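Common to both upcoming complexes is subunit A, partnered first by subunit B, then by subunit C.
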Partner chain A sequence: MSWIAPSLTIAGKDLRLELRTRDVIASVGLFVLLVVVMASFSFPTTGEGRDAVAAGVLWMAFMFAALLGMGRSMAIEKEDACMDGLLTSPAPRESIFLGKLTANLAFTGVVELVILPVFVVLLRLAPAGGVPLLLLATALGTLGLVTVGTLFSAIAVNTRGREAILPLLVMPVSIPVMIAAVKVTQAAFAGGTGEGTVAWVLLMVAYDALFLLVAIATFPYLTEG
Partner chain B sequence: MRTETLPALDEGLADVRPTARAPYRKLLGTATIVLFAVLIPLALVWAPQDAKQGDPQRIFYIHVPAAWIGFLAFFVVFVGSIGVLRTGKRRWDDIAASSAEIGTIFTTAVLITGPLWGRPVWGVYWTWDPRLTSYLLLWLIYLSYLVLRGYVPEPARRARYSAVLGIVGFLDVPIVYLSTRWWRSEHPTQFVFERGGLPTEMLITLLVGIATFTVFYAYLMTVRVRAGRLQEAVDEEVFS
Partner chain C sequence: MQNLPPLGIHLQGVAKAFGRQVALRAVDLDVTPGSYVALMGANGAGKSTMLKVVAGLVTPTRGTVTVGGVDMRRAGPRLRAMVGYVSHETMLYADLSGRENLSFHAKLHGLGRGTDAIDRAADRFGIGSYLDTPVRSLSRGMRQRVALARALLHDPRVVLLDEPFTGLDEAAAIGLTETLEELATPERVLMVTLHDVARAMSGPRRLLALAGGRIVIDRPLREADDDVAASYLDLLRTEVAR
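Let's look at the complex of A and B:
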C-alpha cells in the first residue's frame, strides 16, 4: 500500500529526532516513575485487593505517560511549521497520522516496558504465569489509548488550550479501553486467570480496530486550513 | 451607539431571517406548552401511585423522556458532524452544536432527577450501575465537546474539530455501555426495570412525556439553530 512507506519515513523522522534529543522518553519516563512512586504512597499497595489497586495505578501512570508523550510529539510538528512541511510533501494525510501513531506507540511502549519491571518490583507483585497476559493488556490498551490520543493531539495542538485540552478530550472517550486494560492487568497480576478475561481482550480489540478506522478516516479533515 | 449600527445589521440580516419558518417554530412552541399542560396532571394525578416506590416514582415521567432526548440529541450531533465533514457547510455545524448544547442540558437534568429518585427508592443518591455510569460518561463527553468548541475561535476549524470529536464520542457510547455493564457484572442491579409490564396509565403517561420532550427538543433546536445563523450574520457584518 502506498500509505506504509511514507508512514515509516515520518515515524523514522520522529524516532531519529528522539534518539538525538531524548526529550520525550527521558521526561516522560521520569514522570511515570514519579507517578508510580507517588501512587505507592497514596494507595494501600499491600494486603487484600493489592492486585486491583496495582492495576489501576499502573494504568493511570500509562495514561499520563501517553498524554504527555503525544502532546509533546504533536507540539514538535507545530514548531517551525513542521506540519506544513509534512502537508506539502507528497505523503498522503493518512500516512501522516499512521506515522505519528507509530512514533507515539514506540515512545509510549518504550516507557511502559521500562516501567513495568520497576513497578512489579516496587509493589512486590508476582505476575508469574500472567506475564504474557500483562504484555497483551499493555499492547492492546496502549494501542487504543494512543490511537485516540494521536487523533485528538492534532486537534489540541491547534486550540488555544494546547496540551491542557488533550486530557479533556482523550479521557472520557478512552474509559472503555481503560476499564478493559485494568481488568486484564488485574487478572495478570493475580496469576493469569480472571473472570471474563477473554471478553475484555475482545473488547479492546474491537475498540482499537473501530477507532483506528475512524481516526484514519477523520484525521485528513483535521489538517485542512 | 447601538441604534446607529442596527440599521446596517438589519439589512444584512434580512435574508437570513427565516420568516417562512417562523410559523413552524411557533407551532412547535405552542405544542410544547400544550403537551406540558397535559403531561403534568397525567404524571402527578392520573397515573396511579407505584405500590413499592410511592410518589417518588413519578419523577420517572420526566427522567426517562429527558434520558431519551440525551441520546437523540447525541445522535443528531453525530449526523451533523458527518454532515460537516462531508459537505463543509456551516449549517451542519449549527445543527451539531445546537444539539450538543441542548443535549447537555437534558443530560444534566437526567443526572439531577436520577439521584433525587434514587435516594428515597434505593437509599443512595448514586450507584455505579451501568446505566448511571454510561450516562455520566455521556455527559462528560458532551462537556468536553462544548469545552473544545470554546477553545477554537475560527469557525471553520471549530466545525471540523468538534465534528471529529462528535463522531468519536457517539461511537464510543455503546462501547461505554457494554464495558460498564461487564465492569459491574458482579453486582446485578436490574431492579430499575424489574417489574414486568407497566400499567396502561403509566405507559400512556410515559409516552406523553416522551412526545412532550421530543417536541420541546425540536422547538429548542429551531430557536438555537436560528440564533446560530443570526450570530453568523452579525459576525460577517461586523468583521467584514
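Let's look at the complex of A and C:
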C-alpha cells in the first residue's frame, strides 16, 4: 500500500476535526498573537540589534505555537484509543507519521501566516527584499521543528505529564534548526542575505532531511506496544 | 469477502509482561479457521492482552504469534486489512459523527468512502438514524454499536472482540449474538472475550479460560454445556478465593 493515500486521509481527518473544534487554531493563534503584541511593546523597534531580537521573539512564538498544536494533535489519537484504530488498519505506520506531520504543518503554517504580517507591522520591520528569504526560513524552520515535534509527541503522549515532557524532548534537539532559522530570519528582516546566510539555509535543509528520514524510520518502533 | 485463504491463529510460548506485571505466561494456542472462541476469565486474567497480541498491538516479551502463518510483528497492510478489532475503548473520534468515523476507516481500508459498507453496517447494528450525530453525543451503547460497525466494516477474516456486549441493551445484545453467529463461517476466526457464562454457552464453539496469564480451560462447547459452565464457575470461585 502506498504511503500517500493513507497519509492524506489521516491529515484530512485531523483538519476536519480541527475545523469542527478549532481547538488548536483558536488557542494557539490567540497565544501567539498575545506574545507578538507584548513583544512589540517590550522590545525596541528601532536601533541596532532590533532585527536579531525580532527574529528570536518570532521563533520563540512559533516554537510554542507548534508545541501546543502538536501536543493536542497526538492527544486526540490517545483519547478512546484512536491510535489503536490506526495501528490495526492497513495504513503503513510510516504513513500515520506522515499524516500527522502534514496536519501539524498545516496548523502551524496557518498560525504563522496570520502572525507573520502582524508581527512585521507591530515591530515596524521592513523586510522588503527579504520576504522570499523570510518565507524560506519560515518553511524550513517549521518543517524541522514540526518533524521533530511530531515524532516526540508520539513518545510524550504516553507519559503522564505529556504537556511538560514534549518541550523537554523537542527543545534540545531542535536547537540547531532554531538557531539557523533565527539567523536567516534576522538576515531577511535586514532586507536580504547576510554573511553566512546560505550556510544557515543549507544547515536547515540538511537538518530537515535528516530528521525526516530518522522520524519515518523510527516512528513504527515508537508505536509498538 | 475478498478471495483470500482462511487464516488460522497460532501462539507459541507467548509471554507478555508490563514492567513487573505479568499478563501472559508461556501461552500455546492453535485456533483454526472457522473457530468461534469464547475467551473468559476473571479481571486481569490476560484476556485483553491476548487479543492485543493477536491484533499486533502488543509485542510479546517472549514467543511468537502468527496469523495465517505470518508473524504479527511483521504483519503488513494486507494482513492487517484482514483483522477486525474492538477494544474496551471505542477507537472513535468523539468530535466526528459515526458516519465520518466509519468513512475514515473505510478510506484507510481502501474502500473509498465506503458508502455501501457503511449502509450495511448501519443496518446490521441499527445505527442508521444516529450516523450523523457526533459520537460525543451518543449513549455508551450506541457508541459501542458504532465501534462494532467500524471493526466489521471491511469484512475481516479474523474478528477480535474484547467484551463487545459492554453497554448494549438486551435487544442490541441479541442482535450482536445473531451477528456473531452469521460471522462464524468456515473461513473466519472469531475470538470474543466474555464475562457472561450464559452468553458463552449460546454461540461460541470453544471455551478458553485464562487465569494468571495461563490457559486453564480449553474445551469445545456444545449448546447448554453444563459441565463446561460448571468447570468455569469453579475456576472463578478459586480465583476469587485467591
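The rule is short, and it goes like this: the second predicted complex is superposed on the first by the 221 of 225 C-alpha atoms of A that agree within 3 Å, B and C clash if a C-alpha of one lies under 4 Å from a C-alpha of the other, contacts with A are read in each partner's own complex, and residues count from 1 in each chain.
Everything below uses one rule, namely that a contact is a pair of C-beta atoms (placed from the backbone, for glycine too) under 8 Å apart; a residue touches a chain by one contact, two chains touch by 3 or more.
Quick caveat: nothing in here was measured; it's all calculated off a predicted structure.
Asker: In the superposed model built on subunit A, check whether subunit B and subunit C fit or clash.
Answerer: With subunit A aligned, subunit B clears subunit C, so fit.
Asker: Classify the contacts of A:86 with the two partner chains as first (subunit B alone), second (subunit C alone), both, or neither.
Answerer: The answer is second: A:86 touches subunit C but not subunit B.
Asker: A:224 contacts which: subunit B (first), subunit C (second), both, neither?
Answerer: A:224 sits against subunit B and subunit C alike.
Asker: Is A:41 contacted by the first partner subunit B, the second partner subunit C, both or neither?
Answerer: Neither: A:41 stays clear of subunit B and subunit C.
Asker: Of the two partners subunit B and subunit C, which one touches more residues belonging to subunit A?
Answerer: Touching more residues of subunit A than the other partner does is B.
Asker: Contacts for A:158 in the overlay, against subunit B (first) and subunit C (second): which applies, first, second, both or neither?
Answerer: first
Asker: Touching A:211 in the superposition: subunit B (first), subunit C (second), both, neither?
Answerer: A:211 contacts subunit B only, not subunit C.
Asker: Touch test for A:199: subunit B only (first), subunit C only (second), both, or neither?
Answerer: first
Asker: First (subunit B), second (subunit C), both or neither: which does A:76 touch?
Answerer: Once the two structures are laid over each other on A, A:76 reaches subunit C alone.
Asker: Just how close are subunit B and subunit C at their nearest CA atoms in the overlay, in Å?
Answerer: Between subunit B and subunit C, the shortest C-alpha distance works out to 5 Å.
Asker: Could you list which residues of subunit A make contact with subunit B in one structure and with subunit C in the other?
Answerer: In subunit A, residues 224-225 are touched by subunit B and also by subunit C.
Asker: Quick check: in the complex, which residue numbers of subunit A touch subunit B?
Answerer: The contact residues of subunit A facing subunit B are 148, 151-152, 155, 158-161, 165, 168-169, 172-173, 175-176, 179-180, 183, 196, 199-200, 203, 206-207, 210-211, 214-215, 218, 221-222, 224-225.
Asker: Which of the residues in subunit C end up touching subunit A in this complex?
Answerer: 52, 55-59, 77-78, 80-81, 83, 85, 87-96, 100, 104-105, 107-110, 150
Asker: Quick one: in the complex, what on subunit A touches subunit C?
Answerer: Contacts found on subunit A: 1, 5-6, 9-10, 13, 16-17, 20-21, 76, 79-82, 84-92, 224-225.
Asker: Sort out for me which residues of subunit B touch subunit A in the complex.
Answerer: Those residues of subunit B that touch subunit A are 85, 137, 140-141, 144, 147-148, 151-153, 156-157, 160-161, 163-165, 167-169, 171-172, 175-176, 178-180, 182-183, 185.
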